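Each of the next two complexes has chain A plus one other chain: chain B in the first, chain C in the second.
Then we have the complex of A and B:
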């Protein structure tokens, strides 16, 4: 009785799976664990489009990377860890060069698996922050910035506008009640001891459509500033609620995942003045878009509906793809072969160096920070910008220069958390 | 013709009351066991284990547990996700606190802890039933998720509130963690499912099971003929939670390897397992397995057909998948309101008479 149904179902599935063609050898496999459905699709779609379009541009304009064409595959995770595991298991045998799940939950699932299977994982501005310590997390990279940098950059910005003193101020953190939203808490607590502000925590349960009580509490407590770690449908709801209680928008700062057009447009004029962090530039004023238009968009090869070009999260997807392509070039250079394996890709990522000149060559001058990755530092420089929404012009304007995070506080936390992970997982930290 | 009891004589009571009285049934059962334990472990690969079979086996255990409570004892529960979380977090705390003890023992103890919690939340069932009890168990679901989010002790004070299963071995073979091989994961879950299904089958046809069914069919009449509602209902909660706790522990430790309570054990999980037993058939062991298979395998199958074979865009396929699964649930329940198990029973009746139905 036990497995009566398993056998016929297995036969059916086997038939379905058998058709997945084995990979031709001469290409570079860049999978995309995307999500275009579900409550987080509003963030997943532009990112996946930007990621795919940049890789398409490489294929169409340059014939791939170092003459080897890129092969793209896409797997829908719906921001769900179980589907993420299914996607990972489906592609891991197909020599994927780099994985970017765009989900902190899925990242936590994948950290031990990719390390065992030798596949590099890039979690740009999300994931497990202490992966910055490459001596413990050999296959995990989170350059150019991470959540703790984000928390510190937000506080530094507040310090700047308050003349360097936050003592006696009240700061509330509205966060997605998941691994993602909880990440900055430890840093914000450390910083509150250092700078003397009072921190209050307001969790919002996933997906975050219901936030009335949290904003009622904000209305009652009247914090000086509100920080937000939100994603997907939670962002526009929070911004609308803040507008409803007439919270001064310039005192409301979201992390870089809470700062896209999709988040502020629903609140209309009420969102005017809302600030968010940014880890790269945005908009269409970059030379790369001329090629993008010629080779991808006008050629009808754009991913998805093609309506996201130039938006904040599209830019981020493109940035992620750009860093991946540069790492692949580096790997080709180090190993002297154009057909690289995931293990070579990892070496390329660890030796990655992004300079101002290189970004200008690519057609993205001053788009992101210049940085170099090393084994000790998989997290990049930890610099970010602050952008502010202009509801009348419907665009984001950068209002600061690059802000350095408080590495003194963060590096200590990274060392502590990564050491705890190393002990738990039985890893001997070391760089070779 | 192929499937009949004519000529299959029994000369003893045990022979007559065995689980599979028909010879053909029994042979097929042994054949399934032989395939499950003799062939699959040698041919299974990572994708099949981690994405298809292991989740099916684990959900089957959860569905069995809920079926004992809801299908056999008639107590509606929406707290399955919360009880799975108890199993997962109990297993995590035990794994990290006593690394030298075998993981298999930890999984069993996690089931025991969940049974105790289940009894606690089963207490209201002595006063309320039906929809009201469903609401009380819903409270358990939300309370437990809130608890595991709120109290950092449960997740060992990790920065993100995630729990991650460290590598644990049994006789030198890794069962949890990234280095666990596909056969090891598969066999762990298969052995637990086999043992628990065997236990469930034998409990439900003995005294305890008859008491549960008496309470389900009419509690006042059952009380009059001497069934104690206190012990009967609480034993159903205990056994059911034990099963669900084990499934939660396996779900976290063997299948996912890392979990987060809101995402992995939310209200959606409670509904998913409830749908499994409704589609499979209330009050049936086979129904639990069939329902779990339907809801776990079908989406993966559709994804592989639509994206892998037909090459459709992933978002279109994901939307279609929801529509197809939803439509099939409705069609199945219209065609056979008592679930897949009843469909199977009717098929067997027809096969018995075939090819001479009159």
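Then we have the complex of A and C:
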């Protein structure tokens, strides 16, 4: 009797389980956690437009990725951590292949969630730096470079222009008083011990519209160089204040989040000579834009008004989408199916290899660094460029070749911080 | 004298100048609160909206172009002409007056005799609506604001102070202009309220709504007038702040700098807004200078509120606010 009841029950259970198993994807879901409104919208819009336009190009020109169309959805976070988490909760059940929140605050909140839910998170040049260690952060990727790479690249550039010697120099860090702005401090402190410069720290409260105190202090202390970790309105105000006190602009270097047109244009001619780090090329001198124009912009399918195309943050959004698409291709290749799941996408990201040949095929030659991702290294090569603003031509010019970060210092810090996180979160580090 | 002393003096002067910039925002709050008892949460957004409109008009931008293009498939952006700054400022003042009429007609008129909290909540709604309207109308990208205001160090002050003290003081020329504009604004507002018919009507409404109504003063007209003036004050604040950082949506957050000024100076006093701004500006800068380095810096935002709270303990109505005595 018991057996006779148990058999159909088991059959029903098996049928139910089969029904509950994820259905094959009919499309590839690429959500965008964007911010087009609020105080940081001016930076969020071009990034979101670049991200969306590249994915639209894939659909319009190639019919998607591997023949499967891309489905784009967008959720407005307003650069607000709580809203970002709400967006995540709303879309996590819809097989999002990859998340890119463009916010360090949101990233920190999502790290445990995406890890538990098996959804990959890509924080390109932002987020938790030690996520570079894939043995601890299995679902978090921050290639091609992170904040600590940025700090080191800035110092290496200063070493280059000072004949390799920074001893006795004074360097001030003007930073957004938040988790984001504080990220480079430890690295800069370590590097100051190594290279013998004196570091002073000048925090600016968000949003950063009033910075008179900080710049009066800089005027008094006369540092040789000022580094900036800013975002939003903090950047143009800082550049204007630097121009006001006649700080030599060529000695003022921002991280890549302080190096868009939005940051320098308000200061007009005063911003001439300002430098910033870059993790990719910019401008429209890349073959991909011919297709972008034909299939997306002229076809009226662009996400924005089209006036941001080729700008720094548009290029960054496009680069982020390009890396996501390449990871999806890799996932399709290694799993032998075009209809990939978030878990497969994670595998694709971990096996991603970007070569200069592939970049040229895509239409972005010399746009970004060549690199390969592995379980041990989710952060890529940690290379960056330095660009300088020409206020007359209103354009950024790259003034260096790729600069490698000081991995001897960075990797030790990554190992230390990721080990602390692993202990705190109860994670046993390891690569399969 | 030691250089440290001169630096403290320089910080104080710059603090006073920063305080004037805060007071420019606070003035708009005071005008509306004084006339109608409404704490206008939307004052910061009014400054943003005014600055967006000014830049849009100056550059000949077609309002709602993105929306029109999305609906009709057109590619409109600009009219093809630009306007001189003075004309654009005058036209923006007209737009702000029109906005005041619409606010009175579609919001305030329907809320007469409601509790102050209801009116406050209406202004919260107004703030979000205006922010969205500004976005749809003019776009969310950062815009350059150039109405010909000077910026950068004042060479004269630098030279003179260097000759006197051996230490050249930094004073931003934009801050000097802001100080002159604020002084002109306060004098104009005080002359208007003391010596004109409408100014006296405004004061009557501020003193007692019911009594003013009983002698035939139109409350609706006064509200339109005061919101128009607040809109024009917001335009001035938007120009000054927008010249520093470009016109972007974070401009609406300047209201946060005005709140401690209001708490300190009183919600109903125009001179209070100025004096409050000066105290807050200088206090926060000196605190950052002396104490900031000991506690990690970035003290200005919170210290302004602490300073205002300390004043509130001793004078709840603020330095120049009217003392409220309610008999039971």
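Assume the second predicted complex is superposed on the first by the 407 of 432 C-alpha atoms of A that agree within 3 Å, B and C clash if a C-alpha of one lies under 4 Å from a C-alpha of the other, contacts with A are read in each partner's own complex, and residues count from 1 in each chain.
The rule is simple: a contact is a pair of C-beta atoms (placed from the backbone, for glycine too) under 8 Å apart; a residue touches a chain by one contact, two chains touch by 3 or more.
Because the structure is a prediction, the values reported are computed rather than measured.
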Touching A:36 in the superposition: chain B (first), chain C (second), both, neither? both
Applying the document's definition of touch, where does A:151 land relative to chain B and chain C: first, second, both, or neither? neither
Based on the superposed arrangement, let me know which partner A:159 touches: chain B (first), chain C (second), both, or neither? neither
Give one of first, second, both or neither to describe whether A:210 is in contact with chain B, with chain C, with both, or with none. second
Should A:177 be classified as contacting the first partner (chain B), the second (chain C), both, or neither? both
Partner chain(s) touched by A:65 [first = chain B, second = chain C, both, neither]: neither
Is A:308 in contact with chain B, with chain C, with both, or with neither (first, second, both, neither)? second
Determine, under the contact definition given at the top, whether A:186 touches first (chain B), second (chain C), both, or neither. first
Per the definitions at the top, what is the overlap between the chain A residues touching chain B and those touching chain C? 36-37, 41, 45, 177, 203, 205
Chain C partner, complex, touching residues on chain A are 36-42, 45-46, 177, 201-205, 207, 209-210, 212-213, 216-217, 219-220, 232-233, 236-237, 240, 243-246, 262, 265-266, 268, 270, 300, 305, 307-308
Contacting residues of chain C [partner chain A, same complex]: 7, 10-11, 14-15, 17-18, 21, 65-66, 69, 73, 77, 131-132, 135, 139-142, 144-146, 151-153, 170, 172, 241, 244-246, 248-254, 257, 285, 288-289, 292, 296-298, 300-302
For chain B, which residues count as touching chain A in their complex? 19-20, 28-29, 32-33, 35-36, 46-47, 50-53, 55-56, 96, 149, 158-162, 164, 166-167, 177-179, 193-194, 197, 201, 255-260, 262-264, 266, 285-286, 289-290, 293, 297, 300-301, 303-305, 307-309, 313-315, 317-319
Where on chain A is chain B touching in the complex? 1-7, 9-10, 12-13, 16-17, 19-20, 34, 36-37, 41, 45, 74-76, 78, 80-82, 85-86, 89-90, 92-93, 104-105, 108-109, 111-113, 115-117, 128-130, 177-180, 182-183, 185-186, 203, 205-206, 304, 417, 420, 424-426
